[in-house]
Amino acid sequence: MPISEFKPKIVAFCCNWCSYAGADLAGTNRLNYPADVKIIRVPCSCRVNPIFILRAFQRGADGVILCGCHPGDCHYTTGNYYTRRRMTLLFSMLDYLGIEKERTRVEWVSAAEGAKFAAVMQDFVKTVTELGENKRLEDRRCKKP
Amino acid sequence: MQEAMKKRAKELLASGEVTRVIGWKKNEFDYDITPAVFESAEEIDRDFRYDDFCGPNLSKFTFKNQKNDTKTLVFLKPCDTYSMTQLITEHRVNRDALYLIGIPCFGKIDIEKIRADGTDGILSIASEGADVTVKTLYGDKTYVKADVMAERCLACKSKYHTIYDELMGEEGEVMETGRFNEVEKLEAMTPDERFGFWRGELSRCIRCNACRNACPACTCESCVFDNPDTGISQKAAADSFEENMFHIIRAFHVAGRCTDCGECSRVCPQHIPLHLLNRKFIRDIDKLYGEYQAGEEVGQRSPLVNFTTDDAEPDIVRKGGK
Amino acid sequence: MVRISLDSVNALFAAIAEREALYIPTDTAPGIAQFKKWQSGMEMTERLKTSRSAKDFFFPQTENLVDFKVSGKKIDIIDPREETEDFVIFGVRACDAKSFEILDRVFLSEPVDTYYQNRRAHGTIVTLACSRPSESCFCQTFGIDPAAPGGDVSAWKREGFLYLEPITEKGRTLLSGLSALLEECPEDAVEAEKESIRGILKKLPLASLTPDAFGGGKTEKYFDSEKWKSLSEACLGCGTCTFVCPTCQCYDIRDFDTGHGVRRFRCWDSCMYSDFTKMASGNPRLTQKERFRQRFMHKLVYYPENNDGIFGCVGCGRCVEKCPISMNIVKVMKTLGEDET
Amino acid sequence: MQKIGVFVCHCGTNIAGTVDVKAVAEALSHEPGVVFAADYPYMCSESGQNLIKDAIREHGLTGVVICSCSPRMHETTFRKAAASAGLNSYMVEIANIREQCSWIHKDMKTATEKAVILGRAAIAKVALNTPLTASETPVTKRALVIGGGIAGIQTALDIADAGFEVDIVEKEPTIGGKMAQIDKTFPTLDCAACILTPKMVDCAQNEKIHIYAYSEVESVKGFVGNFTVGIKKKARYVDETKCTGCGLCTEKCPMKKTPNLFNLGLDTRSAIYIPFAQAVPKVATIDADYCNMLKNGRCGVCSKVCTAGAIDYHQQDEHIEEKYGAIVVATGFNPIKLDNFDEYAYAQSPDVVTSLELERLMNAAGPNGGTLLRPSDKTHPHTIVFVQCVGSRDTSGCGKPYCSKICCMYTAKHAMLIRDKYPDTEVYVFYIDVRTPGKNFDEFYRRAVEEYGVHYIKGMVGKVMPQKNGKLLVRASDLLAGEQLKIEADMVVLAAAIEPDKTARSLATMLTASMDTNDFFTEAHPKLRPVESPTAGIFLSGVCQGPKDIPETVAQASAAAAKVIGLLVKDKLKSNPCIAHANETLCNGCSSCERVCPYGAITYVDKEFRMPDRTTKIRRVASVNAAVCQGCGACTVACPSGAMDLSGFSNQQIMAEVDAICR
């Protein structure tokens, strides 16, 4: 598929208190980012299990991004600190298995950073679009016939 | 050592200090070793064995065969003590019902290495000092022990016992044997090479669960991959994705808890170097969050349930700063 | 009887592969041989056994049965089977060749398993005699002769030549298409090889193992034996023995939601798994002891009871080599059989 | 069988302008489980809500999906609407097709497609929702204030004023804290004692307030509304109920060489002492380290002179357990130790003092009766150098990285007071920046410079060297003039950084209240919830949360009190039902979840299980306290067996959303 036609599927997990609010703010300010991004609301970034990320890739996602409060600003005080360790290790493992490290990302976006949210999503979609379809973590059964 | 162990086990049984002994027994061939519970001096005299083939980690066996109402003697090699300590930290075994004896280990022989050399029809095998003598239907062979020792023993992390009530033989030390060399070699490859390497390895997986069931860190009452309620249970890898999924998540679930005992790779019927997944996590943890050895002491806090406010950002992976 | 120099065996493989898919056992990792689709340059392994058995060809670990296509609230049912191509498996050992007969009795009896039947009809089996049996081998216990390995074509390796003899019509068809590469030869060399193999068989450590204490009608004798407990105590409950076994034939049927439909597939199951007989009411096999017992009772008692005395084991020895805790059918037969003698 | 209703809101043209709402409703009506789908101009309007309520009743809906604005806007509205129609309010999911769709996309086709996918995800999730009910716990109507400084005092008074019982635990023999040691306050220069002591007396006299002086918190169990706190009353060897505070014992005590800690060791007192005249409770305390009777059984003078018979040499520590609904932390601060700052010769010369020591030196109740004299030779100082930011804003690792906030102002105060009382004394202040953001603060500082002629020099003091003549040679740089200065001073006053009291760290552990790297307590939200700890039921008052001056402290103290009162007026607490729960049959009891829980909501119980082989086995399993859990979900990922799950955001629900989005 030529790059220009390829529309990646992006799953964005956003914590309820900062990043989801940041995404809302991007909306309120009419800041455009590609429609390829679909947001799933979670209470805290620490709610995101590595299983969910792999599941997204299995089901056809081309990129998964996790957004939470800035370290130190977690609504639950420490949640994102655990997220940070878990995801660093998970991403490193995926890289170790030869899976493109650009397909996964963690970004800290506060409720006030609507512009950052939009910018992050634009950049992530661009990166994943350049990478093309997720082949290395795909489940062939889930591909649409 | 074997005779001293038998003597001590019988003493403890006779004194009533313990009523059960967990050790190893010989099975069909010289290299066939089965973990076992011994309840009498006769059983010990007849079957008890400790030699260079006693690879199985008795900590997992102890976990599966624990009894709370009586005291059990368990013989533990240095690497088994790490697993035992970790199990105690996680409240998975009742320390009060155990009498632990630390025993020395001089490295275990990997029969698969001998087989991979084309040696077959083995009638007997003996390990004496640095020599391993194999008698076969097709002629005899002698190996240098270091050449046929298990990989995990060549890269032994420690001859030190992290827990025991009693120690037999001399206490050893934590060692530096380059156990991360293989991980580093993989890290140095290009992503495509790494992908090729792991596809080649993991595609051999038959999902027999031997790695998981032998793993002393995998003691879940019900594994997420067996429990249909999790939505990710699987019985066979119906797609290469599921091979990745199973092994990534299994490694992740034991990350920070894996003591690097190497049982996963020992039991894999398909010779998949599964320990290289666990070691990658250990390596990353050491580098990013400070040296950490699971099972070093009771009550340790695993790095995955810990943090500092200035931990590295996940970006470090993408930016290749590590 | 025909033969070909081992130096030209690649030409033989190429000739077969030109017509149909050819699978040969080849080394895929240190100490691991597996059947792989032959392609130019691939060498046959020197190892006696592949780590997985040859049953995979007819009864693969996972197999799609039916697809349900879901669109909105509408469901279509689709048979995913495509015409299976003809294929040749080269280098099957006598034990594995025998295992097909055991599987046939299960899958080809009414109601016939058409998925299995279809694959079976398309496969041609070229066996290879075992010049150097392993200490873990005990096929002779079950009356199998690795010197005359059977299949559609039997093969022997001796002194730089590969000898081939067609056994069935399928085998004759295969060889007739290859006649340009093969030369007719007398049977002396093969007879000598057979003799050599049979000589070694007598010296195998498990040569004296007999199944006489087992067979149909022995359920009551062994079912409640005290010995199961100690035999099974170290069992990890993994599926290694069942998955490397050429005769284990249990499977589970599962549905996989692909997001745009449902794929119903079957995959190997293991009676060693704790959820094997799990039902809504619970699990009648309470502990690993019952599960462990089931596996061996099935092979040594129930199967022969239902199948004219044929045992459900071919003595390939894979479980002997692969069990993580070295507990296997040999030990079970010896331990339980003690009572008989 | 699922019966899901889908309601697509136009939000006027906010959504309908870029999303084809009718097409969305039509597409979603074909999703499995959906039995009703409609669109409406304003779903949040009364008639819109009625549409939802009617559909719930008419179609017996088991779940509702609203495609509208952000759930942060109207989730509560729609939940209430569902509840009023008899559907559990947690059977409602919102697909955010305004902020996250119509407002950011211009192309109708793209936005409509995305809205359908977001709707599908919400449908997939709602199909797995379960009815949830908030649990209720009773509230103990009593508050605990830890720390009896001005912060604790103000909080206690305000809580008591609202009619609730409140206890103050103070580790010193008297309440009053740091403010009691201060001489004058900025920017008004009124006497600290004059404004503090009436409040101390109010505390003592208020029947709702109970003061545990000379006491410490030993243990904290329980959760918001239901804390059980262990308090240790340290032995003071004087029966509080009998002592009249007459002070005769302190006069007669022969051990007069005991360092007077209230005066920061600048003078001495007796071994039995009352810290200062206005102490509350005004009760004597024996310093066991110096009392001859307690050390070697010889003396007993105080006992002989005490007419009330209050002396009890055999008094033991007393351990008390009390129940509280709320806890306020007001543990305050201390100046840092100056061990890392040898360059200022603090350890070498008695004439180098900290600002707090200067307060005592200038105080009428201080060592010199209020006359400022050099500590070394009790002479009048003619030149005084003040050094700012000693250990504050210090990123070298020797001090603290933060600004201590109060130093600029108190130094201006000190300088002004000295120049006022001793016009012949020259005062130099070395500063990095002068920070005066407060009401009348900058005016105050300007007065010090302009009216009182204090020499403010922007620059750093490099070294203070005691000279043979008893003077202190101060070497410093004047950054504005760009020259090196040498000043021969009689005294040097160091504005030492302030740090949280050392007891705070162990207290935070007991309270499971989080702290930052400097050991200041973390607030629940830095802007919007500044007086609450993230741990429910724990409130913050004063410097324990961050450096602040007296007016700020008092304001925060009252704010904390208001929060406590808001909690205590409730008879029962309703908790968020979207919390974690452990599946006991899957739980390994490994403690991973407990370790990541920021609230201490997870405990373990030994439970008997029936095993498959019909035997029983006792296993350690996790139990989540519904009143404490806040529902972050950290535990769910720490749990390897999947025993921990989160209601409202279950593993299955999130995966269903993932599946629906990726489909």
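Side notes on the structure shown:
By written order: A, B, C and D. Residues from 1 in each chain.
Assume a residue touches a chain if its C-beta (ideal position, glycine included) is under 8 Å from a C-beta of that chain, and two chains touch if they have at least 3 such contacts.
All figures in this text were calculated on a predicted structure; none of them were measured in a lab.
Of the two chain pairs examined here, B-C and C-D, the one linked by more C-beta pairs in contact is B-C. Comparing the CA-atom centres of all chains against that of subunit C, the greatest distance is found for D. Remark: subunit A and subunit D have CA centroids separated by 34 Å (rounded to whole angstrom). The centroid of the Cα atoms in subunit C and the matching centroid in subunit D are 69 Å apart. Look at where the CA atoms of subunit A average out and do the same for subunit B: the two points lie 36 Å apart. For subunit A, residues touching at least two other chains, in rising order: 50-51, 55, 59-60, 72, 78, 82, 86, 141-142. Residues of subunit B in contact with two or more other chains: 224, 232, 238, 304-306, 309.
Looking at subunit C, residues 256, 259-260, 274 sit in touch with two or more other chains. Taken as a graph of touching chains, this assembly is complete, with every chain in contact with every other. Note for the complex: subunit B touches subunit C at residues 27-29, 32-37, 56, 61, 65, 112-113, 115-116, 118, 120-123, 136-138, 200-201, 204, 206-210, 212-214, 226, 235-238, 266-267, 269-271. Note for the complex: subunit B touches subunit A at residues 186-187, 191-199, 224, 232, 238-242, 244-245, 248-249, 251-252, 255, 277, 280-281, 284-285, 288-289, 303-309, 311-318, 322.
The residues of subunit C lying in touch with subunit A in their complex are 256, 258-260, 263. Residue ranges of subunit C in contact with subunit B, taken from their complex: 28-32, 34, 46-48, 51-52, 61-62, 132-136, 200, 203-206, 230, 233-234, 236-240, 242-244, 252, 254, 256, 265, 267-270, 273-275, 320-322, 324-328, 330-331. By the touch criterion given at the top, residues 30-32, 612-614, 659, 662-663 of subunit D touch subunit C in their complex.
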